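Letters A, B and C mark the chains as written, and numbering starts fresh at 1 in each.
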Amino acid sequence: MTTGGLVVGGLEIGFGDAPGLRAISFSVARAERVAVVGASGSGKTTLLRAVAGLVPIHRGTVVVGSRDVTRLPPELRGAVYLHQSPVLFPHLTVGENVAFALRLRRVPERETLKRVQELLTAVGLPDFAPRAPRSLSGGQRHRVALARAVAAAPEVLLLDEPLSALDPTLRDEVRVALLGLQAEYSPALLLVTHDLDEAALMADRIAVLLNGTLAQVAPPAELFQRPDSLAVARFLGMRNEIPGRVRSGRFECALGSFPVPAGISAAGELVGIIPVDAVDVVPSPSGSARVLGVIHRVQGTSVLVSRNGVELEARAAASSTPKAGETVDLRIYPERLILLPAIA
Amino acid sequence: MRSRLRLLMAGVVILSAALPFAVLAVGSVAGEWRWPALVPSAIEGDAWTATLAGGTRLGPALLYSLALGLATGVLGTCVALPVGRAIAELHGWRRHLGAGMVFLPVAAPPIALGTGLQLTSLSVGLGGTFQGVLLAHLIPTTGYLSLFFVGILSVWDRRAEDEARTLGANPRQVLTRVTLPMLRPSIAAAAALGFLISWGQVPLTLLVGRGRVPTLPLEVFGYVQSGQERFAAAGALLLALPPLLALGAARLAARDVDVVPV
Amino acid sequence: MRRSWKGLAAAGVVAAPVGVGVVYAAAAAVGLVGVSRPDGASGQRVARVLAEPAVWESTLWSLWVASASTILAGAAALGTAAVFRGPGRLDRSARSAAVLPLPIPHLVAGVLGLLILGQSGLLGRAAYALRLVQAPADVPALVYDGWGVGLILTLAWKEFAFLVLVAWSALAERGAALEEAARTLGASPGQTFRRVTAPVLLRAMLPAGVAVFTFILGSFEVAALLGPSDPLPLPVLTLERYTDADLGRRSDAFVLALLGIGLAALAVGGHEWARSRWPDLEG
């Protein structure tokens, strides 16, 4: 176990009549970043608020910095919570907002002012202390809220959808401020988001919240290459599911027979997933697959093809994108094959 | 055509709001004013000179009413804020019941309330006293201001308070450093409203004060009933001025202090 | 659980004086306590007072005045709010002016009613200047009159400020979006007003209208200054009985007080009932 940081064990929370969250266990080490992803309404925010002590929990423990805070009120937990749109106290100046936690602790005034200045400089707003919150732009307010949170010297920073309320152009500004502050002050950082790209970009590990419990906690690369279950794979937006079975080391399905990738133990009836970027289309007049349509995305172009009655999304080279109705050959990279038990 | 009509309507609205105060001003100095002259033929300043010289009951009544109004506004706000907050924290039918209960003192006709309370106030030795009338004025005031705070606090954004908690503030610190400062404009408005409820009150003062509590409205009422129109107009103008000043001040102070969302 | 107890207890503290007043009035009305010597409980007084035609005339008259002035003020507020809602200078001037009477005590409105609408008031003089009347006797009686025209106009003037403020805030809150939707669906400006703006405003103004109605029904001073002596407005009748030279009739006032409180409760209850039957506007 790590020293410091956040350890959540066996957390159970009811939300009114709904089933709520159960058996939630995970940890975030000091200076680590963990992102909880889940559909809207899955209880991500409730989880954060429970860690902060703003929502009562039924069962389980919350340990912050090796202190059991399960029974403590929010102000004694050492975990600062920021709303999706954090609010600055409108009756205080920017500097007074950042000084809020320091003044509560009666830190000497000279030190308070020095610290406020350091933090405002760290978020790129060195001259903003005397300003009123309402004179700031959205991204600036967000950065002040981060500085105010870090001023409390929390063990854990809890961020609810930290970037999703911001214009895309402001996200980088706030993300840079956030990562800079974390690098300097090393709190454990737990954020929730519905945006997988944001999670992958910001977090060391991603925790997938499905049906009220954590389905998988893994670093982004591992999560995207080796989802634990079909439910997680579908949540991640993976396409190209093909039912089949494993027999003597090979996965047999309507597209053919492929060797089971190394390091995977699988047997019996399974669902195979061929990631979109593990299938290439190669134009070929005598090809075995027909192009149904072309999908253009910012990240690249893919084509929808059909072979042996199976529809697949495949990657197309930008230089030679086939047209609908043409025939192509498929080149499949079997080492990227994902094999998962079917959902009953 | 449309803009002409709008101009006419605006004229009517502005005139109907402003003319009455001119009428009061003229009425308060009107000497001989025979029908059908539109303005008085003689000016008589005695209502004002006598009042300034302490020769009418208007001056002392003004001070008395100011004191009563300020006390009602301040005490009413102090009671209504926690009551309103407690009701706003209720849910479902309980909140409706709580709001309905504090609506009672607002909806009950003051004359009916006063008749029911006069002898009760006498029996506890408060009849005809400043304190008794103050308590009587506090009845509709606390009801009205509680409703006012229920309205504000039921839609109150708790995010600032939540964040203050996790930043290390205990509930008392959240109250004194976040909630009350953020509510300051509403608290000022509530105190002003409480002042106004007391300032214009007639029936409760009449009944609980038993004619011994000389507020400005009662003196004006007396001047009207005895046909002394000049003095009644002067008194009415005195009654109108503080509320208008308060309205003006509220407009100036209306730099909205809302929650600043990030 | 403890929280709900606390909230209701707090509300109870504020409502308690009304309870004391009502209980006392009820006890006095049936003769358990009172101005005259208590003579034991009986419903005789209640029955006698409620059988008096004068009492019902006063009640109906007060209901008429409250309804007429509320409707008049509401209609004026609706029109004014819809016309002067823009950002222009004329609109802002009209808005500033319209709310001026808001904080003015009702008593001041009563004095104004006398000075302007009275027999020798400014309105009559203006009518003469416009050659509409020749002598004070030609000026129609607007004050102390049987229909309460002067009283209704005065109260409507005072309450207009409140209702128009409510109407403006309702319009500012959600008027524009709904109207834009109606216009893009093909409604003309007139249709938009009739089918969207007016219904939305009316619904938003209803609680304020009920509050105004209830207030006017129980308000004393303006009715005492501008109302007729026959029938006496209900609140004025209540005070008259309460100060009657005949001590035996003084306790009649408690029956009338209960009648007044009952009417107020009926108006508020009726409004809650109507609201519960209508779908919520916030859908």
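To be clear about the criterion, a residue touches a chain if its C-beta (ideal position, glycine included) is under 8 Å from a C-beta of that chain, and two chains touch if they have at least 3 such contacts.
Please read all numbers here as calculations on a predicted model, not as lab measurements.
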Of all other chains, the one whose Cα centre sits farthest from subunit A: C
Innermost chain by mean C-alpha position: B
Whole-Å gap separating subunit B and subunit C, where each centre is the average of the chain's CA atoms: 17
Averaged-CA centre spacing for the pair subunit B and subunit A, given as whole angstrom: 55
Centroid distance [mean C-alpha coordinates] between subunit C and subunit A, Å: 59
Two or more partner chains touched - positions in subunit A: none
Subunit B partner contacts - residues on subunit C that touch it in the complex: 3-4, 6-15, 17-18, 20-22, 24-25, 28, 33, 35, 79-80, 83-84, 90, 93-94, 96-108, 110-112, 114-116, 120, 122, 124-126, 128-129, 136, 157, 161, 211, 214, 217-221, 224-225, 235, 238-239, 242, 253-254, 256-258, 260-261, 264-265, 267-268, 272
Subunit B to subunit A touching residues, read off their complex: 157, 159-160, 162-171, 173, 177-178, 181-182, 184, 257-262
In the complex with subunit B, residue positions of subunit A that touch it: 49, 52-54, 73-77, 79-83, 85-92, 100-101, 104-105, 133-134, 136, 138, 141-142, 144-145, 148-149, 152, 158, 165
Touching residues on subunit B, where the partner in the complex is subunit C: 6-7, 9-10, 13-14, 16-18, 20, 23-24, 27, 35-38, 79-80, 82-83, 86-87, 89-91, 94-95, 97-113, 115-117, 119-120, 139, 142-143, 146, 196, 199-200, 202-203, 206-207, 217, 220-221, 224, 229, 232-233, 235-236, 239-240, 243-244, 246-247, 251
